[in-house]
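Each chain gets a letter, A, B, C and D, in the order it is written, and its residues are counted from 1.
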Amino acid sequence: MVIQAVHVPESVDAVVTCSARGGLLMGGGTVVMPLVNSGSAAVTELVSLRRAGMDGIEVSDGVATIGAAATLAAVGEHPGLAFLRPALRTIASPTIRNQATVGGNLFVPQPYGDLAVCLLALEATCELAGPAGRREAPVADVLTTGIAPGEVVVAVRFALPEPGTWHYHKAMRRRLNSAAIVTVASVTSAGDYRIALGGLAPRPVRAVSAERLLRGRPLTPESLTEAGEAARADIDPFDDAYASAWYRARVLPVHLRRAFLPESP
Amino acid sequence: MPSQIVSLDVNGERREFIAAPGATLLACLRESLGLTAAKRGCAQGACGTCTVLVDGRPEAACLVAVETVAGSAIRTLEGVATGGDLDEVQSAFIDCFATQCGFCTPGMIMVAEALLDRDPDPSEADVIEAISGNVCRCTGYRPIVIAILEAARRRRERAVTR
Amino acid sequence: MAKLRGRGYASVNYPTGMNLGGDPSQALIHATTTGTFVVSLSSVDLGQGIKTIAAQCAAETLGLPIENVLVDTADTDTGPHCMGTFASRGTHRVGNAVIMAAAEARGVMLEVAAEELEVDAADLETDGTGYIAVKGARDKRVHITDLALAAHFKHGRTISGRGIYLKEPSTPVPETGEMDPDSCQAHACTVAVVEVDDETGVVEVLELFNTYEVGRALNPAMATQQVEGGAWMGVSHALFETTEPYYPARDHGPRDFAGYLMPGPADLPVQHSLLLERPADNGPYGAKGIGEMTANAPIPAIANAIFDACGVRLTAMPFTPERVLRGLDALRTEEPC
Amino acid sequence: MTYRLAPIDTGAFAAERDGGDLTVIGSVVRRSDARGHVTGRTEFFEDVAPPRLAHLKMHRSARHHARIRDVDATEALAVPGVLRVLTHADVPNNLYTVLKLIGVQPDDEPVLAVDKVRYLGEPICAVVAETEAAALEGAARVKVAYDDLPPVFDVEEALREGAPLVNEYQGQNHFVYEGHHCRRIRFGDVREAFARADHVFEWRYQSAPIEQAPVETTGCVVVPQADGRLRIHSDTQACFFTLDNTALILGTPFNKLRIVGGTVGGGFGGKVDVVVEPIACVAAMAVDRPVKFVYDRAEEMQVSSPRAAERIYIKDAVMGDGRITGRQVTLYVDAGAYARHTPYGTTKAAAHLPGPYSIPNVWADCHCVFTNRTPSSAMRGFGVTIADFALESQMDRIARALGMDPLQLRLLNAYRDGDLKAHRKVAKGTALVEVIQKAAELAGHELPETYRRMSSTSREGL
């Protein structure tokens, strides 16, 4: 539809007001503006988060709180979030990372949205604001059921993983600037594994079958391959221009293993 | 909401113009301000030829609703050569035969400008990552990477001699 | 996991000019009052560089510095006909037309110079510096600027020329396919070195050794642009590109540069290129058309290298990780370990 | 030196290479267009911004193959800013003519669909509006009622009896070459060659459509002039070709049109189809103001004509020493729904066979086949690129089957000066032997002395 208004509210409350009136939320515009430019946006009003004061990043006491309008570049440059830097560098290009936002990444369809996969593995919490006030929700819920009309994700919050417990691996069609074939993000703690997968279902998913199988077991090529095969129960892969559903499922065990043991066997 | 007056600092000059709701920064630069160096290659943020600097950072101008950057400092390729003198990136692109059809060149140069502003001595890997969102269909990229590294060298040399 | 390395070979030829000919191009050239030669064309520069090549052909034929030549293209009100930029024809057709036009203009230029210097035109020569001089008496000379002024204001002569190149059209014999399709043939050979990831089917092209026989490299730096950019496109075709990834099913066709995959700057093989020259008797200074040929040899060379690396014969393009992996899986089933 | 420069070999053809005293040819001259490119001052067609510019967007077929029951533009016309909705009835001569000028018939593709659509994305209505946004909205609001027809997507299925007829203008699902169902090459006797061969190898090859993908999409800006003519700023690869075809469709004198172009952001064959200019001119005349029609990226990717998919069967008669004595090629080129330049490209493919080798017996049937997909057309290496993939894969397989060195097999069969090609032209200026020898050297691939001494100008070593 033809856009009739672009709101650039300067507070979260103002964002909620505009959003509640039916405006489409827009972080960096990397998802919304292609729709606008091709005339296929299903709305007439946009609500930009660029000036809403939602782009702060705070890391203290082992907890990171990232404003939903923070750009991927800003996250990647934050000294307290260095563990995420390799993951962020697999997303799009530096130019697009100057625009794309953390909040926006939660709502892009797979095989895009690798940061959302990371946040799922980190068991992040979303801080939401809406007409009914503020609330919190696990990122898993936001990824599966979305948010209510008029609501906006204000920030995401997660505990920083202990050193050496964070694993990330993304299989791509080219070295840079490619969507995912398989994305694996994981936090391990004391034999307990939280594993999130991207590229393998319409939304990021937890590889619960793999997590169950690995619990308490050492990470070996064999256990990981077994876990990767088990994880096929957790996915709902699709065909696209990058790869077929068959291929994604076929190489899942390989990439799950490489996420933890890059050099093996 | 009707069209509104938007004000930008473009290449160091304050420019005001009327923009329709949802107009992109790219459309405003090209159509309202007559700055046609930035090109429309896809309007999807995926080709990079519309890249301009917004407050010093490269952004795809086709993805920027212009209202959202009102008041920002925009730098386009028109603002790179000063007084008709080409800068190091521009002259290196010529000398290294890094242009063929020329359609990707404006975006490539703006990405390079931002890179060299931040890092005067980038590695080849840095250059490659910087241009990884810019599509070139003619050259196979190698001459462009060489040109940006050469530009960095020339800029460092100039900084020493000054 | 293993990275399997292999080498593959391919050699090709490629025709210059529109198939079966019948594709003319024209050039007009004239001197301004001060000795700049304007080449008028309606030819299109797609990035291959005809604007520069036409100027080089004109300057060489005139015997003048390239700074004395301007190329004015492509306005159908002011430029004479050109069939177009396709079929590796631009340099060959337009180059020849420009040479013909410039040769005619050079003839007039020498005639006027002969009058100015009071010598026989046959005794004059040029050396690319802008002077027309008497052979063996190089201090007896006139600069093109003075000469053009004299031609206009003293002799009433137009230093100009007309050129056209046409390869006569050929009609194929329907029963046998007998025909004369081309003006000449360029040649190329590729040796590709690849690495195949035997767990994922991902192919990486590490190196390309390419030789190209181009007739003559009119501008070696631009010829290098063409062949190396073209070889990149060959790699791209081989490993990535299609608008219909599930052909002949029409599903999941990419609609943007995110989905339409091509190698990015981080995915480049090392290219070793070498040019050979066997001038074509009908080519401008011997040049053949090279724009299209350059993407062709890398594709089968990569297919053959993949087979060499891992034993998978790919008979369908592009050579996606899925096709390689399905091939590897089939080999593993055939040879149970 | 900061630029890439492929060295020039001075050994091969040294006697023929004498450049005399060339001063400009053969030297590295800077590109005359480079300064414009690096300053952004190079003017591409879309940089032209005439006042009162209107915008054209297409409503396209949502079906692969269907009859059009009804087209309703009421809602489109109600969109604020929409000036006109053009249908086939507004186009004076509603058939594209790209091959007519080189004598190839029939014209088989409507500018705007009439009663049927033959591929997904075929243009049906052109919406002209004050702004690009209004044109897009208008195009989205055109309503078309379809009666679906069965589509055919596979070239060999399309040729089977009972397959759905794709293109009524053609009358059958293949182009007819002077009464033949394909372009043929008949040279020597392949059957005899197969009978006498030590080995017969037959394999199949397949490609998928490939997009030219220039960074600048196909488009034009048409500006009505004071004298009643139309000035067309275009990124066409062929100015006069575009002018002539456009005039034929408009039914105007040729000199009513003027093309201004020549500076194009990449072509690769994708900008020779003359698809955007005719309807943009119709629109400019209809609203009597400048009109821009430029493909968006999705149109460039999925609606603009790609390189054709090809299916190729090659059957070779081979002797134990590696000599190829017969080659039979059956080629199916997937033209999509309309001919565009594919009948030409298929003939070019036939002319290329059997590849750069001297094979005494050659038989080829090259089919240009119609299916319900985006029409294919020219792309860099038209008719040759995919054939080379098949031919050179075939050579590799033969070498492996015989246990021969792949370059030696090629050198043994390489065409040389004086050889009669399958299309009965005598080869000259050949250099396949030398590019192979030099590539072997470059890559460190050892060749025996006899093969190193071979030459394109002699039969030594054969």
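In this text, a contact is a pair of C-beta atoms (placed from the backbone, for glycine too) under 8 Å apart; a residue touches a chain by one contact, two chains touch by 3 or more.
Values in this document were obtained by computation on a predicted structure and should not be read as measured data.
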Most widely separated chain from subunit C, with each centre as the mean of CA atoms: A
Identity of the most central chain, Cα criterion: D
Approximate Å spacing (C-alpha centroids) for the pair subunit C, subunit D: 17
Cα-centroid distance, subunit A relative to subunit B, in whole angstrom: 29
Chain centre separation (subunit B, subunit D; CA means) in Å: 33
Computed distance of Cα centres, subunit D from subunit A, in Å: 41
Sites on subunit C at which at least two other chains make contact: 45-47, 49, 221-222, 224-225, 228, 233, 245, 253-254, 256-258, 260, 262, 264-266
Multi-partner residues of subunit D (each touching 2 or more other chains): 3-4, 30-31, 33, 133, 213-214, 264-266, 268, 296-298
Subunit A residues counted as touching two or more neighbouring chains: 2-3, 34, 37-38, 176-177
Overall pattern in which the protein chains touch one another (line/ring/star/complete/other): complete
Contact set on subunit A toward subunit C in their complex: 34, 171, 173-179, 181, 239-244, 246-247, 250-251, 254-255, 264-265
Sites on subunit C touched by subunit D in the complex: 7-15, 19-20, 22, 41-47, 49, 51-52, 55-57, 59-60, 63, 65-66, 71, 73-77, 79, 81-87, 127-128, 172, 174-182, 184-185, 187-191, 209-213, 215-225, 227-228, 230, 233, 237, 241-245, 247-250, 253-257, 260, 262, 272-281, 285, 291-293, 295-297, 299-301, 303-304, 307, 313-318
Parts of subunit D lying in touch with subunit A, wherever the complex brings them together: 57, 79, 133-134, 136-137, 139-140, 296, 298
Touch list for subunit A against partner subunit D, complex: 1-3, 37-40
Touching residues on subunit B, where the partner in the complex is subunit D: 20, 22, 30-31, 34, 36-44, 46-47, 49, 76-78, 80-81, 86, 89-97, 99-106, 109, 135-138, 142-143, 146-147, 150
